[in-house]
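Here come two complexes built around subunit A, the first alongside subunit B, the second alongside subunit C.
Here is the complex of A and B:
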């Protein structure tokens, strides 16, 4: 790290030097007068500095991003190579070990038994239905085989680790032997534990963080890592430095009175600008790709039963553990989440649309400039308050108040975390959104329309209701759609105030859960990244993204179409 | 103009209709006013309730305790080196300091109540004090530490309702081995008996009301099981009501327990807890919690009635007595809660502060600013000034508008999948948080920058081009400086939005409990940390009442930060805004 930091500093100094040298040479070439040059002297400086700094710094940045990965790949390959003889011995021992062979046979038997029992259960399911005693009996059988399979698997693992430790113990304690042992250990690790192994080695080798354990094998592996790291680091730094020097020299040599330095520099600037606008596209692409990729992995994990995800009515991802539990097939039914999201959105809209719309009408048609001057900022403050604050308010003030109120009215099962409290508070949060968008649309309605209405003898409210609002309707619809998309994607208020129970209900006083709440629940806390449970969050994210995207596209279309009419 | 002679019937109908139309007009207008009023009222309730909740968190009660730092405990190796000082048993030193205040306390349960006045984590700050100044070893020094949250809330009068009443009279004190018997010729304890009786009757009435409500609910129950359950609950409440009423009306001694108000008697520097009072209010039997300094009859005492029963409060009787005693000795001070701003997160509410989250927010915002502002302004310049009007630019524009409306949590998913799982960047780091928030803020910055650039009149560009500037020069030397105030305003508003954002940061693991604030430096960007809104979220889930107040206080802090941001934006807009 020190070395690359030093190189980066040196490159910066070199770049500054490039600027000065280029400028000096240009002035010298123009005999001290700028008028003899094609571009202003500074541009020659920029040009030289650009060729000095940019390629080398890009190289350094690439090293920063991928250097660690490169070292890991190379060093681990060497570790695995040195572990090959040991690995071969281990394989052969596994082959000839009688206990292991017996266990393997047992495992095959358990697998066959499970498949047969499963088939039988499926048959019972179609013949007698899910609740029948035959089905229950068949399921017990399946579970029995699964338990048997797990037992055998566990025994196999124990036996394998016994044999592995025998092999490892037999290897010599020389550095090569230790490295080979580390390599074999790494090769035998399951994928999810390899990352920890690597970071332990890196911690020992380069002092990056704390190692979770410290063994002779890890030390030996660290010793394998170190030369790679050193070589690559020095190579990259020297390379970057020489690229910078070569770039400086070449660009400096090109500086001449007729050289079009400004055009080159401006070309680079517009390239940079283009690059930054590409980031918007890259972000969208990144969102779509990551969501799609992980969602596809999720659907693969649940055997492509996409319809069960979209139309299933039971959501309990926490209990879906094993792949062949039949109970699992219904565990990823997202309908309760969709219904919960819809219910809360509906409540929020019932608050936000009337209040926001009337506020917008009042502000744009009735209010004096004085009222506008304070009322608009107040609405803006509502829009600027962080959603976590609304969540806290909903949880500690609105929720208990609504619960007590419902109890007062004789509803005994009232809870603090209810769809109603989350929806109400979310509605208030969205008021300024609706009102400022509608305000814009109402203001965009030409004054002539109003004047026409007044000339016919309409009162103000009649003009608003019968002329202005119909004219602004598409825009208002667009604004409401955007508000809906915001309500659907809102997270913190519902996480804090709506609860986590996946109830399929239309009762606003019960606690419901939403898509966003489940994403947060699934992805916070301990997680193993490859389980269907975690991946399902990405499938939910995809649903959320597609939903809001469609709402946005429709809304923007509606708004744009409307604008074209009057402009 | 002359009116055409209209028949009075038509005139009548028109004027009636007109009145109706005017009423409708007024109604419509009232709806508008109502909508605005609703928003304003809600804002007032929101800010008011949070401000009110936060009040308790801005003050705290600290205990200043003289502690003797003896060599045996502070310097176990006896060589005075820092390493040895760090191994000292400072908790024992604080405990000894407390015991010195209450020499009569020696029972285990009593000691547990005494030592519960503070959190053991405070010993670390005593250690730091001694390590910084080793000459303290062997002497006595004043050590100031925050009282534990339950005691703090009690002393603030938030969790327990109690009242003190000074009394005069003659009270005989008879001490037998465990108990103290207080006798008086007058009914000295009659007032307390009324309090007690009122309390019992109030609870009896409450239970009776519950019982009748449950019974009526049972009548409306849908299923038989439900009705049975409600009826049995109702019967239980009715029985409770009867037994409470019997206790209130009973003859014989009134026994004080964990479910009744408690009575203490302060006199002569000691405290006696009353366990039972005779019905006539003349005789009370209790036990000594702190010994009386003088013997013989008492002539003046303070009656200390605690109305909250001990099973309904988190602080025990004895701990209350110790806390009050320390307060009477002027060792407890109530002052501004500096810990809230100088500490990072802690499991103990009295030691928890927002410093760590604040530093995390600063680091995250720096990353966001460095990424979002240049990229956003660059994109805006490109789209507004350079880009040819073709399909690609159109696509980029649609894209940006859509990104502006993508839910923030989706950006969190992007960060988790790409930055953490694909690029292998560390979880919970301000760098990753800043990158995610930058992507989220980008559309805001782009849209406002484009508006600012568009507001610069074309004459400026044309004049620059006319005197021979290139397009790049015209933009960077003339248009951009003029658009800068607008761009800055938009960027600040975008950053303020990012400052309050929580959901995407939950996705990338910034919700961890982090007791050490991250370094304010280059390495801090990769250290695990949290930010203000996430800290608010974490605290709001904590069970302790004291955390509730601290959450509100953290919200007030965050809101003031955001107000500062927005005020800066408004100032810039007012100061530099130009209209053409």
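Here is the complex of A and C:
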């Protein structure tokens, strides 16, 4: 840590020196006057500093990104090498252990039994149908064999860990012996637990965070890691330093009156600008790609029945979790989610569009400058409230109120978590969005149009209604579409206020669920990332992305068309 | 082109003769205008004849547009504007509390510097005024108002086959004539024009000037212009404003050939402005 810090400081000093040296050499070459040089002296300084600092910095950055990985690979390879004799002994013990051999035989038997039972069940299915008692009996048999297989597998694991601990206990307590034991332990770990093992070693070796356990074996492994880390760190730091010195020397030598330092520096800056935009674009692309690939995995998992996903009317991903499920196909019909999203969006827009638009009209056309000065910022504070706060407002205040009100009117099935309460509160959240954008658009309508209307003898409201609003309409439509895409993507309020039941209903007093809510429920908590259930979240995400993308494209087009007219 | 201003060597008598030929339509007396603390007009007094073109000239910021906007009370739309003094149209006080500016503006049409057709069709632009003031009882009547207005504005031949296309799609000169047609459609008595040609090319300008000359038959026209050549071409009376004061007012010919005030002379000979 301290070494890296020292190197970084040294590079900084070297870069500063590069600037001064480059500048001085340029001035000397121009006999102390800048007029004889192609560029201003500072540019020569920047040029030399650039070649001093940038390559070394890139090297350090690469070390920061991949250094740890390199150390892990090299050190683990050594651990595994030292564990080879132990590993061989373990393999041979497994071979000759009678209990283990017996269990292996039992496992093979269970597997064969399951296959036979399954075949019989398939025959019963074709002969007597799914509902027949023969079929039920056959399926009980299959389940019995599966349970048997699971039991044997568990016993096998227990026996293996017993044997492993015997082998490990027999190894000597010397550092080599301990390291070998750690290596064998690592080799026997399942893939998903290896990362934890590595972090524990690194924690003990370099103090990176807290180790989950602290054993002699782990300490021995840490001792194997340390020299690799030190060597690589020193190599990188020395390398960075020499690259900086070489860069400085080469760039300094190139400084001459005719050298176009300014163009070179500007080229480097434009490269930096390009890099920044590339990062933004590539990140977006990466997100879309990962969404797309996971969605494709999902569609593969449901046998490419994309139409069932898009047009199916039953959504219950929990049912499909078992591999032997019969009739798992109907569970991923996303239509209830689309309808729920649409319903809540509709309610939200029914609140946000009129209120937001009228507020914008008041603020831009009727309010005095004094009122406008405080009313506009206050309205925009609404946009700054975290959506989770809106969420509990909906859940604790609006929801119960609506339920009681509906009961008062004689609707007995009213629930607290309803599409209506989520939609209303979401509408309130979107008001500032609509009003702020519409206000901008209305203000952009040229004053000459208003003057024209007044000069024709129009009253204020006639001018607003018949001239200003039609002129602003394309922009307002754009604002509303942007607000819709905001509403479609909103999650927190709906999670809290609309419930999670995937009802296919148009009744705003019932619980509904939306695309975003389902994504949240599918991906939070303990999940396995290879089941169709979890993967369906990505397909939903893709649908959501495509929807909001299209809305945004349409909105931007509309706004653009409007701009062309008045600029 | 001018025929009714019998030009003689003696300017004042022509002015009086002129006023006899054309009764006073708009009369201003001691008009002061201020925007906040800044006074823009100082005691302007003048009589504007009917059925003639009166031009207001002067350097930028001299108050000529401000005075123009007093006549149809467009200054009401500016929060900080304060107007005092008297302006009468046919002897009726414009600034009277009992006068509804909305009704007043139906009597006093206005055309702006930049063509400002509404984002509607050509037909709806012209029909806008008649509709909000309820001037027509039937669709046919409205159709004939639109047609007549467009004919008077010299635009009918160019747009008769596309009345329902957007007014904003016309060229700048056509848009300005559309706006004039829109102003004529409510049958006003006075038409105010605030630099109506400053955003147009010379050919479009010539057409508008020709139109102004024709409209003189029926309306009292008041035009603010930066172009002295234009004032000389289209107007019968000219008023020269400078720094918020009305410096000189009289028949156009006299102002341009024999100005009495030194500042007028300097301005029209191009020494400032």
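Basically, the second predicted complex is superposed on the first by the 352 of 567 C-alpha atoms of A that agree within 3 Å, B and C clash if a C-alpha of one lies under 4 Å from a C-alpha of the other, contacts with A are read in each partner's own complex, and residues count from 1 in each chain.
Here, contacts are C-beta pairs under 8 Å (C-beta built on N, C-alpha and C of every residue); 3 or more make two chains touch, one makes a residue touch a chain.
Please read these numbers as outputs of a predicted model, since none were measured by experiment.
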Check your understanding: In the superposed arrangement, does subunit B or subunit C reach more residues of subunit A?
Key -> B
Practice item. Would you sort A:190 into first (subunit B), second (subunit C), both or neither based on which partner it touches? Key: neither
Check your understanding: Which of the two partners, first being subunit B and second being subunit C, lies in contact with A:538: first, second, both, or neither?
Key -> first
Review point. Now for A:467: first (subunit B), second (subunit C), both, or neither, which partner does it touch?
Key: second
Check your understanding: When the two structures are overlaid on chain A, which partner does A:453 contact: first (subunit B), second (subunit C), both, or neither?
Key -> second
Practice item. Based on the superposed arrangement, let me know which partner A:98 touches: subunit B (first), subunit C (second), both, or neither? Key: neither
Practice item. Name the contact category of A:169: first (subunit B only), second (subunit C only), both, or neither. Key: neither
Review point. Does the superposition put A:395 against subunit B (first), subunit C (second), both, or neither?
Key: first
**Study point:** Doubly contacted residues of subunit A, that is, touched by subunit B and again by subunit C
**Key:** 459, 462
Review point. Residues of subunit B touching subunit A in their complex?
Key: 21-22, 24-25, 27-29, 31-36, 38-40, 42-43, 45-46, 49-50, 53, 213, 216-217, 374-376, 378-379, 381-383, 386-387, 395-396, 398-403, 405-411, 413-414, 416-418, 421, 423-424, 439, 442-443, 446, 470-472, 496-497, 499-503, 506-507, 509, 511, 533-534, 536-537, 540, 548, 551-552, 555, 558-559, 562, 566
Practice item. Over in the complex, which subunit A residues touch subunit B? Could you list them? Key: 65, 68-69, 262, 266, 269-270, 272-277, 279-281, 283-284, 286-287, 290-291, 293-294, 354-359, 361-363, 365-367, 371, 375, 378-379, 381-382, 384-393, 395-397, 410, 412, 428, 431-432, 459-462, 464-465, 482, 485-486, 488-492, 495-496, 516, 519-520, 523-524, 529, 537-538, 541, 544-545, 548-549, 551-553, 556
Practice item. Spell out the part of subunit A that touches subunit C in their complex, as residue ranges. Key: 368-369, 446, 448-459, 462, 466-467, 470-471, 473, 565
Exercise for review: Can you check the complex and tell me which residues of subunit C touch subunit A?
Suggested key: 72, 74, 77, 79, 102-106, 109-110, 112-114, 116-120, 128-129, 132-133, 168, 179, 182-183, 186
